[in-house]
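One structure is given below, encoded as structure tokens.
Note that the chains take the letters A, B, C and D in the order they are written out, and that residue 1 is the start of every chain.
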Amino acid sequence: MLTIADQTFSSRLFTGTGKFSSAKEMESALIASASELVTVALKRVDLKGKDDDILHHLKYPHINLLPNTSGVRNAKQAIFAAQLAREALETNWIKLEIHPDPKYLMPDPIETLKATEELVKLGFVVLPYIHADPVLCKRLEDVGTAAVMPLGSPIGSNKGLRTIDFLEIIISQSRVPVIIDAGIGAPSDAAKAMEIGADAVLVNTAIAIAKDPTNMAIAFKMAVEAGRMAFESKLGAQTHYAAASSPLTVFLDEEF
Amino acid sequence: MLTIADQTFSSRLFTGTGKFSSAKEMESALIASASELVTVALKRVDLKGKDDDILHHLKYPHINLLPNTSGVRNAKQAIFAAQLAREALETNWIKLEIHPDPKYLMPDPIETLKATEELVKLGFVVLPYIHADPVLCKRLEDVGTAAVMPLGSPIGSNKGLRTIDFLEIIISQSRVPVIIDAGIGAPSDAAKAMEIGADAVLVNTAIAIAKDPTNMAIAFKMAVEAGRMAFESKLGAQTHYAAASSPLTVFLDEEF
Amino acid sequence: MLTIADQTFSSRLFTGTGKFSSAKEMESALIASASELVTVALKRVDLKGKDDDILHHLKYPHINLLPNTSGVRNAKQAIFAAQLAREALETNWIKLEIHPDPKYLMPDPIETLKATEELVKLGFVVLPYIHADPVLCKRLEDVGTAAVMPLGSPIGSNKGLRTIDFLEIIISQSRVPVIIDAGIGAPSDAAKAMEIGADAVLVNTAIAIAKDPTNMAIAFKMAVEAGRMAFESKLGAQTHYAAASSPLTVFLDEEF
Amino acid sequence: MLTIADQTFSSRLFTGTGKFSSAKEMESALIASASELVTVALKRVDLKGKDDDILHHLKYPHINLLPNTSGVRNAKQAIFAAQLAREALETNWIKLEIHPDPKYLMPDPIETLKATEELVKLGFVVLPYIHADPVLCKRLEDVGTAAVMPLGSPIGSNKGLRTIDFLEIIISQSRVPVIIDAGIGAPSDAAKAMEIGADAVLVNTAIAIAKDPTNMAIAFKMAVEAGRMAFESKLGAQTHYAAASSPLTVFLDEEF
């Protein structure tokens, strides 16, 4: 079981709600994923209405909503967005995303640390999306972050774990859960993240843009479980010289 | 369902029997893997005795034995070994492994083609272990191979799919099942092999040397299923520019 | 020609002075490298003495010293160190290195930005060593950094350009020179850095720990020039399908 | 100095003549490369005429022609082509290329071994283009090949050293020169090939399709020299933990 702040999770697969071709398809995929933490962009939530489409499709007892601040560009905007989200969704959890860059959506380390510190003081459970920067992770810990969410590769790129050398350092040093957040493009990437010891992964694009999102969600669910189980069962080391699985005998020598 | 020759398989995870710390542990892991095709080195089989240890632990209705010729160094030895195996194990299936090199156990393309051609004529269902050589695969097809088993990386190295560029070519051209055979070191590697369209994988070392082989076998089982499901559900492409899963809005602009 | 602040450089290979087995060997290698910017740890400089060994070996007209703040752990210490260096070495150039972590020596983004801003105000030409973080690079530009020095992989690891996906983003966006600073372990890594458009590389460990540092320095010199020339001569794209360099004809068909 | 058969070479950069936009441009680039072994497709040679364009541009004392059999699909065709080439170009050197596959141009291991054996008996100096197959390399040695030319990645793909794990095995075992033949897409790839101990590289597409082929040829020339020098000067190992080039002191501790 994974624990973040005061919440425990059976599933280590977190998901997002963007890019699905319909809300119906999104609902089907997210249910299939068994994900218990689903991030939703504040903008998608109808802050005034009652029948907001996305929220309507996410009303399941096992699903915890994780509003995100996508679209904000500095700490001040992020804090305001978090407060709006808290009121609208009645949760003090916030996925902090501050990316001033509209092309690659890379996160801002300075504003993210500043906003995390402030939001923690305001009583939020903060999960910041960050570059795979080991020192920033430690600094976020120091100001009370609930977890860290380093990226595997640029958001939406499906490139997988291009930052793996740094993710391994982050995992080895972290006192809070490490959730790999962006770039995971295939179940094998999710499995790999879990194998190196990540606590969870967040997957959105790769599920949403698959030809069959619901089955892809199931594939990710299994891959995350497989990777976690492999981590716990301890993989052997890579070796340089080959070593046969089958005995290397020359048992027929005498006969030829 | 995967079909090789006249046999269908529910599981796309094939396994081996080497390197386990005990026959008991091997049995437990292989049952957990749900593998229906298990390769066994002829040398390990007591060709005369009745109470051979390994075979005793593999007597399950769902398990098909796949004797291998590990230890032979040329076509002539391989054919002799295959005939011994057919008598001893009462199967005409043979995993053809010809590796004259004792250090890296790399397979011999010339002897392998020669032995395949001969064994097919002798009524065998031949599954040859080979380098990830696209042209060799086509030539093996031409002489009636039942499948091809290209390596991902050197046997026992756990290095994963280092030959992926060539595996993709092989898969795109093959008319027989493609089984990735060596070097798969983690469930993520197995998932990746399936995602690119392999028909099955053969895993031995990574399960056998894990701290908990039985749970590792389960992890591989799930990863193979996840990878296959992802292949069938069609993954999206990698992209260079990032694209947010969440909408890239500037929704707070007017307020700041 | 590369220009940083008001200085032009013929060589795009910057070097360091650590880890050489002797000052004599260092001198020989650095001269062979033709490097015009050599970083030196403040600690190594005898701040009071006249006959400091390292400086004595670096007194060449073409060599510009670049004192670094290695060993400091926050902005305040860094600023103090920079001021000491300016007095001792009579240069207002400073390589800013702030790494609170003693194991991986990863740089601190927050303190680095803070110190850069302050040092620029104090009249320094600042070259900060940073993680390959595209947003941090833009923020450093905003406060007047003279260049950015993102890492390729952890200092001293010789792992090469593990951050290449992010280096490419940084290079495409930067208005100041981009110098790849850590992890470059072989001439091929340095060539690659230049091929993707880096303005310069800083190499130390790979030269210093080579069996023959002087020849290794020459190898790096040539590799940097080769990579830069390739960048300027524009490499062709990678392709998926093969395309023969030689004509794919079937010129013998009629005869066989 | 590199020796193949009875010939010594100062340059370890071999080149090809395909894909240049003009013969003039080809000549300029090949002279700039300082290459002493240049492969030419038999088809391009006007077997009857006197004023063949390509040959005319390659008449330099330091350039040895290496006719290749590109376009043949089996051993028989290859042997015939080699004999034609010997007559036409008055050289018994032949680059053996047998690729029945028109899409990826992957070489055929069986026909290549057969043709090599026959051609050696006929007095040829044979340089076969092959997949990076360590066992095939040994078998080619056994029949008298003058060198082996394993591919780095598919011809013309510019993907670099995708077969590096196998190239390292080949180099460690070979008694004849190892020339990396296909896929080298940038000077950094060529440098890397030399760093791991290859005896030479053959580059064609990457030079021919560059915007400035002549300068690209110079870049490759320098990169090959850099890589060879690095190999001879012995690179240090990669390490997992970082180790500072600069001393990791806490020299300012007492003051803050």
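The working rule: contacts are C-beta pairs under 8 Å (C-beta built on N, C-alpha and C of every residue); 3 or more make two chains touch, one makes a residue touch a chain.
Here the structure is a predicted model, which means the values were calculated and not measured.
The pairing of chain B with chain D is characterised as same-residue: of all residue numbers used at this interface, over half are used by both copies. Here the spacing of chain B and chain C, counted between their Cα centres, is 45 Å. Averaged Cα coordinates give chain A a centre that lies 33 Å from the centre of chain C.
Counting partner chains per residue, chain A has residues 104, 106, 154, 159 touching two or more of them.
Pairwise, the chains that touch each other are A-B, A-C, B-D, C-D. Every residue of chain C that touches chain A in the complex is listed here, in rising order: 99-101, 104, 106-110, 113, 131, 133-136, 138-139, 153-154, 159, 162-166, 169, 173. Within the complex formed with chain A, the chain B residues making contact are 16-19, 39, 41-44, 68, 70-73, 76-77, 80-81, 97, 102-106, 154-159, 185-189, 191-192, 195, 204-206, 208-213, 215-216, 218-223, 225-227, 229-230, 232-252, 255-256.
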